[in-house]
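So that you can tell them apart, the chains are marked A, B, C, D, E, F, G and H in the order they are listed, and the count of residues begins at 1 in each.
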Amino acid sequence: MNVDHLKKLLDGVQRGKVPVEKALQELKHLPYEEIDCATIDHHRHLRQGAPETIFGAGKTAAQVVSIMKRMQAQKNNILVTRLDKEKVPPIKRVFRRAHYYPQSRVLTLLNHPVKITGKGTILVVCAGTSDIPVAEEAILTARILGNRVEHLYDVGIAGIHRLMSQRERLSAASVLVVIAGMEGALPSVVGGLVDRPVIAVPTSVGYGSHFGGITALLAMLNSCASGVTVVNIDNGYGAAFAASQINRV
Amino acid sequence: MNVDHLKKLLDGVQRGKVPVEKALQELKHLPYEEIDCATIDHHRHLRQGAPETIFGAGKTAAQVVSIMKRMQAQKNNILVTRLDKEKVPPIKRVFRRAHYYPQSRVLTLLNHPVKITGKGTILVVCAGTSDIPVAEEAILTARILGNRVEHLYDVGIAGIHRLMSQRERLSAASVLVVIAGMEGALPSVVGGLVDRPVIAVPTSVGYGSHFGGITALLAMLNSCASGVTVVNIDNGYGAAFAASQINRV
Amino acid sequence: MNVDHLKKLLDGVQRGKVPVEKALQELKHLPYEEIDCATIDHHRHLRQGAPETIFGAGKTAAQVVSIMKRMQAQKNNILVTRLDKEKVPPIKRVFRRAHYYPQSRVLTLLNHPVKITGKGTILVVCAGTSDIPVAEEAILTARILGNRVEHLYDVGIAGIHRLMSQRERLSAASVLVVIAGMEGALPSVVGGLVDRPVIAVPTSVGYGSHFGGITALLAMLNSCASGVTVVNIDNGYGAAFAASQINRV
Amino acid sequence: MNVDHLKKLLDGVQRGKVPVEKALQELKHLPYEEIDCATIDHHRHLRQGAPETIFGAGKTAAQVVSIMKRMQAQKNNILVTRLDKEKVPPIKRVFRRAHYYPQSRVLTLLNHPVKITGKGTILVVCAGTSDIPVAEEAILTARILGNRVEHLYDVGIAGIHRLMSQRERLSAASVLVVIAGMEGALPSVVGGLVDRPVIAVPTSVGYGSHFGGITALLAMLNSCASGVTVVNIDNGYGAAFAASQINRV
Amino acid sequence: MNVDHLKKLLDGVQRGKVPVEKALQELKHLPYEEIDCATIDHHRHLRQGAPETIFGAGKTAAQVVSIMKRMQAQKNNILVTRLDKEKVPPIKRVFRRAHYYPQSRVLTLLNHPVKITGKGTILVVCAGTSDIPVAEEAILTARILGNRVEHLYDVGIAGIHRLMSQRERLSAASVLVVIAGMEGALPSVVGGLVDRPVIAVPTSVGYGSHFGGITALLAMLNSCASGVTVVNIDNGYGAAFAASQINRV
Amino acid sequence: MNVDHLKKLLDGVQRGKVPVEKALQELKHLPYEEIDCATIDHHRHLRQGAPETIFGAGKTAAQVVSIMKRMQAQKNNILVTRLDKEKVPPIKRVFRRAHYYPQSRVLTLLNHPVKITGKGTILVVCAGTSDIPVAEEAILTARILGNRVEHLYDVGIAGIHRLMSQRERLSAASVLVVIAGMEGALPSVVGGLVDRPVIAVPTSVGYGSHFGGITALLAMLNSCASGVTVVNIDNGYGAAFAASQINRV
Amino acid sequence: MNVDHLKKLLDGVQRGKVPVEKALQELKHLPYEEIDCATIDHHRHLRQGAPETIFGAGKTAAQVVSIMKRMQAQKNNILVTRLDKEKVPPIKRVFRRAHYYPQSRVLTLLNHPVKITGKGTILVVCAGTSDIPVAEEAILTARILGNRVEHLYDVGIAGIHRLMSQRERLSAASVLVVIAGMEGALPSVVGGLVDRPVIAVPTSVGYGSHFGGITALLAMLNSCASGVTVVNIDNGYGAAFAASQINRV
Amino acid sequence: MNVDHLKKLLDGVQRGKVPVEKALQELKHLPYEEIDCATIDHHRHLRQGAPETIFGAGKTAAQVVSIMKRMQAQKNNILVTRLDKEKVPPIKRVFRRAHYYPQSRVLTLLNHPVKITGKGTILVVCAGTSDIPVAEEAILTARILGNRVEHLYDVGIAGIHRLMSQRERLSAASVLVVIAGMEGALPSVVGGLVDRPVIAVPTSVGYGSHFGGITALLAMLNSCASGVTVVNIDNGYGAAFAASQINRV
């Protein structure tokens, strides 16, 4: 049931064509989602400029194309994450202007320029070269969501001076996304240096007792620096999404 | 080395009393923290009205009293978390105006009224009655940090209607701290309803395969709702601290 | 918003007192839960004879009394689970007819006789003497929910003959709740003998690598017998609740 | 020892050809299974219309063919689960009427039409597109076991309205199989909406701290909604088998 | 159904009083356990001299007394394991000749002298002083089961010479029970020195990442010495029981 | 240092050619292993008929060939376990009489007939068809070690009658190797039926929360049947080795 | 067998009183440990000034007294670790000069002044106030082993400046023992600042997903700083022992 | 800011060209890292002869080449670890003198002979043939860092005599790197035999409950031998780096 149908029903009541009891019954079973869905759409998807996102993992190229077509009709920008490269050619055959970033496995399709709506700058910081794919996913996500984004790479804590020399840039950001594998200590150090929200992203970079990112994840959850919150392993998208929401508060 | 000492050194150079080479040596080993410490203090602790926080677990009453005395000298408000009730009497003997909240094991000492500096409202939501102690820690922390705070209790997902009826209050908040034990699904549902940053706090409420909060923690890290970030189990303080930072972005 | 309010609104529209647009706005924000809540109450709590349940763990005696008073007003039967014995005296002071079962830590308050509404018999089977507290919680729950309940104790698989000699009783049940600690194999064997739904309950009975019930839980989840479903460790209540629902299908 | 042999033995005793003592010895060692086996067969496999099931994983195509041939002799319907697609051609060469479903890796061979023997409808609900393979295994299993089956796809909790709008269909089912990966919260929400048995199936859909389905599994075991029981990760077959048994209670 | 009943039934058939068909029906449902139970009793419990065992954990003193009385009637020796010392006085009030070993929490009641029926000697070896309680449980169990038992204490691998000097005693045993906490390496070293069955018992002696015995358990399961088998953490009883069976092969 | 060298040294002392002090020094540093090594060789490898074993995993074909050549010189039988099939052709090129068993990945080379030295029969029991590779490794190992070996396949507990009908064969064995994946309950049931040593082998057969065999392993360690000992997951070789040692006690 | 006995044997051979063959037999079974034991004693315990260590956990006061008496005879210094305070009075009654440190639960008994034999200084660094008990155990151990020891407390990474200002002291140490709970990142930062061996000690200080020190342990094992090695959780003694060995290389 | 810039600033102050206040501001924000970075470079990288190390995992051949070129400019020796063989050809095309070790996946490029700067000998000991790749990584690392290195292979504890016969070589080393998979007990035995620092390296060699090296890791962390410290699984590089630092103390 959509708003049109609802209006028609109320018109029927006003004109005496629909008895109150009958309307009462229908309204009592009013499909919830259609009203709510519209609300959600208004806030999240239908708002001019906001992108639609597709989680590419576990979907075939055909499925992705089919969803993109439906989105395309709304003239929104589109973001596809975790898209394996072998799925790209069939997608690009349909959407020629789509752009694929192999390192982060992100595909974007811009139907209109991204409008900067975030207040400040989101700074994406990562510890090592191997964390860059996750950083790139975060950067591309934050940009398409309408934020100014900067980054700082390879400032891991084993050479703490690299990080210390960048304190001014750290302090200038409104939100920080801090990405690290191995022992995952970078967000703690950054969290102690700045007075801004820090979103920590553990990565699966490591071996042995790193357990595919669990060690970094646990370290971040147990940070001795206040104000650090954490997302799932390798979840650059989620961190950027949260950072973007914070950048609009 | 503090700023006074630094000024004196530079004055000595200007007056020719300290040779450049000698100053160079001293500056090369300039104790970092004293400058930085001042910066941090300025941003975090020395600013009029900000509270000092003591993690009470694993400290004796005597240690807590001793740290509080040092803080008291700076006329700051003081927040002590995870303070077992048997440590309270010796502390209250010294600090009579201190207030203890037994459910959340929080002690506060207000040396001046808290000034509201947060922009919007932080909404603390919790799933069940047993999660209230963690919620209370979050509320007290957010308040003393200078935020308007509201709460919504007992809106767990098994009776989803309780939550749905409060959507307007959910949407009115600028940041949400969502607290849940058991299967920890509440932040996901809330995250799907609002377009604001959601900080999820897993609690140790549960039994058997709940593993003292691990199940709720994992569920929150794997939330299918974008924009949810997570803190450690039962960490109401940390969630409120992060929410307060976000409320100032 | 309740049904009365909804009727009044529609009457207003019919009489032309409430413009369609205004009603549309109000209906778009129709508080969901009040309609749904009534539905749920009708199906679960308000129906004559159904019990109200309180999870006693983590609640004070005062809290339990307060909730029981609210329930008492509806003349329902009341079931309190996981209630430590030191909380019982203050509760019994208020509710003298309440009955406490110390082994299973269950308290019941019958405001009217339980009416048998389940179709067949629920059979509660347990492997060893130490599993009996969990079995008792299941039995008491299933009974107050309106089911005929029988039990079979101490038929663990190390002496498989004890179980085999009871095959007729196993086959006569409409649903089986099978409870075991240690290696948790009993539900698999029972599941292979009967053609009825088997709900497996792992218990925390064991030591060392039993991990407080994890071993039994995992064994049950990996049962080679089809048709076995599992609940949380020591969750006799949950198993009986599910069995009762099945007994009404 | 089969019934014929048993009858012959008793005849011998009656005719005085077999002394009581000798029969006593033989009966004391009476092979249990042959009597029991017949019972089980009668209840499960030999009953007209019930399918035989083969767990395809870890079996070669030749082994599957060989088992199917034995089953074929009994004119039963046959269900093969977890059958990798490269094993299908050699099987279809022998059993031309076999049908393979690549998404769920299920193969069926119908030797006679499936007779609907289940009382009500089994509703298979899944959270996301990636959970569909498990859902399909559940649907095909429930159908060949003689049940009416419906499904509801892509109603995950991050957009709770999608689920809420389907409450009538949820309530109309006699048993629900609810499938979810990620944080695995869908069964809890469904369990709170309906008054029917809910069988929860965690899936391996997720990444990082999802641990191949463990997070969803734990969430389901710790559901705050009563009446939810759980099967192993990705075990669509097991859930459908249990649902089918419930649908016959 | 017991053997008497079975004989009577067969007599009835022989005398023509019980028709073959009727006997057939009864035999088809012949309660399995009563025949099997007798067999088991004959092999395990009813045999002159074999002890009855009670797992004392999770049983009240009253329950233990009640089971012991039933056993006492059969004049068997009795072994109670994991019996907390506060349960001993009420038991000794009834069974004055019972003997309690506080270190291993074992209680024995000898109704007749233990007859040595094991072929060789069982050697119980333990790594450190803290492992002695588990060793004592193994020794007492092995003795009451009718074996010659010797022991070797405090021969941990950090001072490998202590073990090496005892090689002759190691080689003289027919079965070895090797007990260790910490890194649990002793069974591997012993297994490399002897050509006899080695049963490894991990103990909960350790701290930190020892996880209550998991580390020792895993080390023993991964022993590079062939012929080492393992029992549960702290399971001295189980190891001795297995060793006793081996000593009779 | 070997025995010849030792004899020469003592001769030197006797003849006065080697001073006592010098011999004392040499003997104080007497290389331990050379004496011990001979002992071990005598007991394990050099004894006529005993096989040499090579753990094939992680070794190249060239390394295996090289070790086999050294062993061949001693005319021993040779057993290679966990040998991937692609390593077999280069080995068979050198050792033409070697025999490879692809299912269990075992290669044997018999330089002389195996002499039966075990007292009784080792019975290898397995739960399902998928456990057969592990069973075959156990059977081949036990045979080459000089034991009579029988087997019983596909007697899993979901159809307990299959197992019950084989009780005579179970009781006839002197040692049992019981192999199971899934919930790993078979050894418990067998352990309750026989009075012989049972060595349990968990297999990696299963999925989801089976964790590659952990569930079966834990179940076996927590068996409620006395006398069950356990080896590592899929370790058919180790179980057979231990069984062979028991069969010689 | 000791050296005297060995000399006597060789004398007998030289004098012709002991035949070569007889000596050969005796030497072949030469008890290994007695020679080796002497070696170990020489290197570790008998050397003038080295302390004897007793692991106090799991030993009664009587056992500790009894071991101390044996050690006292050798006039060595004695170190007892993990000694609960209730065991101290009975020990001090016998050894009046013993000194007990309640925070670290260490007891020392100095029979002679400790002689400094370590080359450089061992620096014990810890992150927070709650880690001090572990630090104290390390300091007391390192001192009694003959090392110069300094310490640096409360220099956790959330306020990195505190640590940075102490770089000269960090660089001046020859070995560093770095102790931290929570996210355990301090050893990584220290390891990046110095060019000396760093021994990391995780502590059990933390809560929730800290798992009693596992998070800190994993973080340290995955340190991105080279040269960091790790000991067990809370193992201040072990770290100091290793540091002392390094300080003598 | 480098030293030149610092000197110029102080000169400006001395000459009165830069006001004290302005210099004060600049010094307060003195970029930390440039001073510190120089210190670190001096101690670690810029010192003549020390190698630069690249962690090859997760880097493309192009990235490795690019980093090596930058290093090459400083004429340092270069060590690349964990370099998969398919990345070697493009690297060797640019750096013809580079040498690749396929077993350990190490690549070295010597721009000048390695100068021995370590005091004693580092002994690398490993338990089995499969641990050799990790041992080789340790050996190559220790050598290029300027140490004398020896090794001892295949001395696992199941045949303890092999190790015992090498005690003189063990005692002659100044530091020992002890590598083992399976139950990981070798470092404990070695630690009990020598009075030198032992660095334990668990390897991923094993199967089943070995969990890719976790079992060996845990065993080493719980070693009953004092003085054993541990690095991450398969981390031969890290162990050698720490050993090299110790060899310079």
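Keep this in mind: a residue touches a chain if its C-beta (ideal position, glycine included) is under 8 Å from a C-beta of that chain, and two chains touch if they have at least 3 such contacts.
Just so it is clear, the structure is predicted and the values come from calculations on it, not from any experiment.
The chains in contact with subunit A and with subunit H alike are B, G. Chain pairs D-E and G-H differ in how many C-beta pairs they share in contact, with the greater number at G-H. Look at where the CA atoms of subunit D average out and do the same for subunit H: the two points lie 54 Å apart. Averaged Cα coordinates give subunit F a centre that lies 40 Å from the centre of subunit G. For the pair subunit E and subunit F, the distance between C-alpha centroids works out to 25 Å. Shown for subunit D are the residues in touch with two or more other chains, namely 32, 35, 40, 159-160, 164, 167, 192-193, 208-210, 214, 217, 221-222, 226, 232. Annotation, chain-chain contacts: A-B, A-C, A-D, A-G, A-H, B-C, B-D, B-G, B-H, C-D, C-E, C-F, D-E, D-F, E-F, E-G, E-H, F-G, F-H, G-H (touch as defined at the top). Every residue of subunit B that touches subunit A in the complex is listed here, in rising order: 32, 43-44, 53, 119-120, 164, 174-175, 192-193, 195-197, 199, 217, 221-222, 226-232, 237-239, 241-242, 245-247, 249. Of all residues in subunit A, those touching subunit G in their complex are 127-128, 156-160, 164, 182-185, 188-189, 191-193, 206, 208-211, 214-216, 218-226.
Across the complex, subunit G meets subunit F through its residues 3, 6-7, 10-11, 13-14, 16, 20, 23-24, 27-28, 30, 32, 35.
Subunit D makes touch with subunit A in their complex at residues 129-130, 159-165, 167-168, 205, 207-210.
Against subunit E, in their complex, subunit G makes its touches with residues 29, 31-37, 40, 57-59, 63, 202, 204, 212-214, 217, 232-235.
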